[in-house]
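Lettered A, B, C and D in written order, each chain numbered from 1.
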Amino acid sequence: MTRLSAWMLVASLLIPTLPLSPSSAAAQGIPQNIPRKELLILENPEGTIKNAGWFNIWAINAGSQSNGLQQAALDTLWYIDPEKGLDGAWDNSLAAEKPVYNAEFTEMRVKLRRGLFWSDGVEFSSADVKATVDIQVKNPNMRFSAVLANNVASVEAPDAETVIFKLKKPNSRFHTNFTVRWGAIWILPKHVFDKVEDPAKFDFNKPVSLGAYTLHSFDPDGKWYIWQLREDWQRSSLGRYGKPGPKYLAYIDPGPPDKRVIAQLNHELDVIHDIAPEGMFTLAKQDKGTRAWFKGFPYGHPDPTLPAVIFNTQNEHLRNRDVRWALALMIDIKAVTMAAYRGAATISAIAVPPTGIHPEAYHKPMEAWLKDFEIDTGKSKVKPYDSTVGKQIADMLRPSMGDQIPSDPAVIANSFGLGWWKTNVAAAGELLTRAGFRKQGNQWLTPDGKPFVVRLMVEGDLRPVMTRAGTMIVQQWKQAGIDARIDVAQGTLLTRRAAGDFDAFIGWSVETWGGHQDLSYFMDSWHSQFVAEPGKPQPLRNWQRWTHPELDKIIEDIRKIDFDDPKGVELGRDYVKLMTREMPIIPLMAYNVFTAMDQTYWKGYPTADDPYANPVTNWGNSRYMFVRLKPAN
Amino acid sequence: MLAILRDLLRYNLEFRIGLALVAIVLVMAGLSFVSPYPAGDVFVVPPDIPPSITHWLGTTSRGQDVFWQLTLAIRNTLGFGIMVAVLSRVIAIVVGLLAGYSGGWIDRVLMSINDTFIIIPLFPILILFYFVLRDTMSTPLLATIMACLGWAYDARLIRSIALSLKTREFTQTSIFSGMKTHEILAREHLPYVLPIVFSTTMNNMNWSIGIEVTLAVLGFTDINTPTIGGMIYWANQHTALVAGIWWWIAFPVALVAMTFVGLFLLAVSMNEYIDPRSRLARMGGGR
Amino acid sequence: MSAYPAYLAKRLAQFAMVVFIGVNLAFVITHASPIDPVEQSIAVVTSFGSTAPEAIAAMRSSLQELYGLKGTLAEQYLTFWSRVVRGDFGPSLSAFPTPVSALIGRALPWTAGLLIVSTLITWVLGNLLGGLAGYYQRSRTLKLMGVVAMGVHPIPYYIVALLLLIVFGFLWPVLPITGGSAMNLQQGWNWAFVSSVVLHSILPALSLILIGLGSWFLGMRSLVSNIVTEDYVVYAETAGLDSRRVLGSYVMRNALAPQVTGLAMSLGGIFNGAVITEKVFGYPGVGTLLVDAVYAGDYGLVLGVTTVSIIAVSVGVLVIDLLYPLIDPRVELR
Amino acid sequence: MSGAGDAVPVLQVRDLQAHFRTHYFGVNREVRAVDGVTFEVNRNEIYGLAGESSSGKTTLVKTIAGLLKPPLEMVGGSARFSFLPGWDAIGRAPPEVVRAIRWRHLSYIMQGSMNVLNPLRRVRYSFRDFAWRHLGGSKVEFDARVVAHMERVKLDPSVLDAYPHELSGGMRQRVTIALATICKPDFIIADEPTTALDVVVQKDVLGMIRAIQCEMGSSILFITHDMGVHAALTDRLGIMYAGRLVEDGETPEIFSRPLHPYTRHLIASLPRIGDTEQREGLDGTPPNLAAPPPGCRFHPRCPLAMPVCTTIVPAMVETLPGHRVACHAVNPGMAT
């Protein structure tokens, strides 16, 4: 019996490990049958794609975009880089030059490049651009139908290299629809879509590519996509910059943050889109080959996006400016950046991201105005701005982080930001009192005598950093006597945000170009004409559902001036002042994305030292990275 | 009952280990009442300190002391388990006794429903509940839902005991003496059923705590209330594992494993004591 | 064997009951929901731009029909059933316009494969070892295994999966910790793909096996230690039968019947475990699909996966029930 | 018929002792279930063993058959079979030797025979499991032999393909008898084989046992508490009380001249045709074997009890030729 039992024990231990032996030496997490040296592996932050075989990006809500489709295979007229760009932030991609408007901004004329080909050998021409507009206007259920239908009266293609858009009303920013920030209206292949009966139900598999890469293979379960460099890559718009380094690109779902870190430590994931700050610190410590945007602290790439506490200004209590300001004055931003980013954040008191060229255009010039800015609480007058908060954060971090923390005030201002609102619970109380609230014990009651409940919605582990910021703010509000609650919405945040089903949430309604001072990218959609009624879905970006006559005026003025007109900055500063007075959102900080790049196989990634592109893998711009990457050995 | 406990304590190793584990867990939970830190607050101590004299189990990346956080977490987790156990016990006893005693079509219908609840995969249903209730899904509500789903195994057990009780003489006597059904069930049968109820309580708590941990880790519960699952959830949010903050995950996992093994051992040893068959087997087969 | 038709009828009735209650549960839960799936769905679709009012009205109407929210409660109920019967849960919102059924159809084989294989291994191994432990009660090795089983068995799936992930993905990284197969392999019956699938399923399967093993081991051990005192076992021993034959044909064989019933009873629980394990290991099965659907707020997909998993588990139970007479001819005694 | 004169008994039991030893919840218990039993069974005879339930009959035959399992242990004495020379008890012989003997030379019809057939195994397979290795031959030959044997016990061969639960109690008992006798063993232990059967079937089965025994010339150790059955079937009879043999001898002799008060009581309690008066009962219950009374274990219930009975264990003495008894009242002054 002893022999039998021993045998059984050995067997039971061996059975599970049996298939281990033949291939345990081989790397598990990389695509098979492709030389690793020719392959760049990037994270697809969308994770596992449920309808993997859907490549029709022009259909609503369909398929993956960050799987390489918009980075490697699609193209449109222009790109604005959030950083410096390969050849300036502005890049004429399919277009040969900048857009030309008539004096009234009712017509936009585009001249296209010639000699560009779709991957099936058909030449790209103005007919494709015209079809992109016509097909989507005709099919109202397509992704860009509404914006095109609202703006375009007609589109003409007098010859193969010219497209003329006739607009329904003056719009000096119409070209931005065809300008890639994160993405844009991508040009579709007319010769493919012409044969399709219902373009909204067409899966576009396998996609015909206009970029330098074409689809090689993909996982029907949606975990990986592999793209291959086109033989005729020179016939794509990227060809102008030389041959892309990687012959293959793999966009993969590497799993939750810890698995991403493990994968990069094993050199099975070259570019991580984003991880928690702790994961970034770990990589920096353990993997000598890992490089982030900044060589040291705070590592992350600041996206031209402004995380903020976004109020639902249609909410009974939050429609009152005093209440919103009171909630802002209860926040201690130092604790929030510690909780969210472990201090690795760039704060911003004003409603413009402190990134790209914005600090020069907005933050620094407005410092004096902010210092003088005064609130009248009814009982007292306070100057809430504290210009030393950025420095305070740096000082707070120095004991634990040591030399990584800069001491040069200019560098501190760049990496940690300038000032923010000083925590002032007393003033906040006075504001609430003026709004008719009263305090019972340590509990604020609304004018109708109920506890003042504020549910702060966060996305949970889909955006850990924002969730952490939200929990900290809730704690601070609670300590100040608000019945604040955290509300983890996970993926339903998007729908609830659109439906206005929230009191407040951590997110962003301010997104800018970064490389260009123009603010219309987000602000145009803030016009009161787009604000939905309570309970009805709100169209893009003005999630706070906030309207103000002054804001409408600013927006309308911007529509009438040229994209590069210096007057735009003036209007932008007016916007900042209005936002500061009204506080419909509480601006917090830049969205620092911890994109970690492993230099074991590839070198030449974009970094703060060589800021030619945004490294973040789901941005359309990151295609510029491919032409600069060289094998490490 | 006390004599049984004394005997178990004296002679049964499994019971002793189980009791010791559960006692440690209970002491931990009790300590939460004297926690020097406010329960839900973050950044009250310096973050990321490994276990040391000042912070026995280290501190989290959220600036919480793991030890004190753990005391509260285990209290909430145990409280949840007890809540589910008590509620589901009530359902199980009522259904089990009623089915066993009534017999006939009542028995058949009840047991058919009962078997259904045993077969149905409950986790997707819980997720469905979470999905439609979202942030209105509070801890008591979750406990109630789980109690409504998790009574079936025990109801079946109780029914089988009730069936055997029914044929005993004293039941007949009670019937002849004019006692009503609910009186017979409550006064005559319940005492026989209670020991087995007690032992299944442990298993039921294991089940409900396990599900709570899982739901919490997936972010499907109220993350404001510190629980064991909630601690692991936050640790995952801070990639504690790869960041080397192992104590943030290791101690909650260890404590909850202690809870599980402790409760399980209690259940097993009680069961063995209660079940005459296995007791007989130990005494020597009877033949 | 004359009792078989009656038995069959009883089992089928139970199956119908499970499906009936399960589907009703799904109906009641979704209809008690404070959220409006139609508006939620419209919000998803329109948040990407299209706001043409006529289009929304048309969409609202078709979604109401799709989600069985049109008409009176009774009508809604019937519509819901007809959709369940047709297996039509509408298009997935997070993977629009792919039908929910297509997504489930793609994920189900992964889960079924993982579950069936790991459950079989668990059941066979657990019963074998537990049977040996119950029969050879003095073996130290088997006693030790009993202690280990007792220690591991009550720990929830998530914790065990997490520990395996730490050990094999981090401390000793020899096994793939995410996905269902290696990248860039053609799915099909070729060696590279199949071996990769096996390799990727080891950790998820192992966590299911480790936990499941304990309960079968303990269950079988106590069954066997009771069965060895049964007359027919003693008699067979008395007759000088080879002890392996006694163990095999008399003890284990007879202990199997309740263990088969136990298997049917625990399928639901095993499925719960699979959901969690899949999520931890990023395995492309229905569990991952379900959790992702919740994260994505995909109403139709959540409802579809829930309903399908209830039906799938009931079918599994039914299959076991129908096979049961092969193991135990005394069906009328059950 | 009587084999008393044969030179070598098939079974010789000498001072056999078997105890239950338990250690549970910290309490050590030792139950002397069989305590110094000595008797013989001769070739071609049916030796009956009588006594109340829990008098140790079953433990005794289990000890003899080498079937003890912990916590039951054979503590002392011997039980020699003529077909197992060189070993003083089956339990002490090596397993392979024992395996070769079982069923070939020694078979067993068990108490509670209703449950001795594996409920999940067709009868045919039980025969194969039990007997094929002894009888050998091809499967077809063996099956033919089984069918032939079935006919001898008046069973239809179709029974072979049935499951036990499909058979009636009497049929099942016949199957077990067929099973126990198919190898024509030298020695059969029959432990209460007819107890669960109704009277008519019981008579039928008893007749069959007798007939087969005659035909094969086997010896049977037959246990039942039913004195009527003993009277009808056995050649010689032993009476057990509280783990000890108190009397044995030829059955007619015992019935006609019972010496031990307990035997007398057993016989007296047999119903007889024409009985009118109330039978006199026996006070008290059988003793607790974990703490048996000192001296003669029967003394607390014995109508003839004397002071000596409470202290000294009476010896088993051949009082009359072939008739032994252990009683101070019958054999004054004899002690073990």
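Assume a contact is a pair of C-beta atoms (placed from the backbone, for glycine too) under 8 Å apart; a residue touches a chain by one contact, two chains touch by 3 or more.
Being a predicted model, the structure only gives us computed values, none of them experimental.
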item	value
Relative to chain D, chain with the most remote C-alpha centre	A
Chain ID, smallest distance between chain and overall C-alpha centroids	C
Winner on C-beta contact pairs when C-D is weighed against A-C	A-C
Intercentroid distance (Cα basis), chain D paired with chain C, Å	54
Between chain A and chain C, centroid-to-centroid distance (C-alpha), Å	39
Chain B-chain C separation of Cα centroids, rounded to whole Å	23
Shared-contact residues (touching 2 or more other chains) in chain C	170, 294
Residues of chain B whose C-beta touches two or more other chains	134, 241-242, 285, 287
Chain A residues counted as touching two or more neighbouring chains	256, 258, 262, 460, 490, 492
Complex contacts: residues of chain D adjacent to chain C	65, 67, 98-103, 107-108, 110, 112-113, 115-121, 125, 129-130, 163, 165
Of all residues in chain A, those that touch chain B in their complex	256-258, 261-262, 275-276, 278-279, 281-282, 335, 338-339, 342, 455, 460-461, 464, 467-468, 471-472, 474-475, 485-490, 492
Of all residues in chain B, those that touch chain C in their complex	14, 112-113, 115-125, 127-134, 136, 206, 209-211, 213-214, 217-218, 220, 232, 241-242, 249, 253, 256-257, 260-261, 263-265, 268, 277-278, 281, 285, 287
Touch list for chain C against partner chain B, complex	13-14, 17-18, 21-22, 25-26, 29-30, 32-35, 150-151, 153-159, 162-163, 166, 170, 222, 225-226, 229, 264-265, 267-269, 271-272, 275-276, 279, 290-291, 294, 299, 302-303, 305-306, 309-310, 313-314, 317
Contact set on chain A toward chain C in their complex	1-2, 4-6, 8-9, 12, 15-16, 19-20, 22-24, 28-34, 47-51, 54, 59-63, 140-147, 149, 200-201, 217, 219-224, 226, 250, 252-256, 258-259, 262, 266, 460, 462, 490-492, 494-499, 537, 539-540
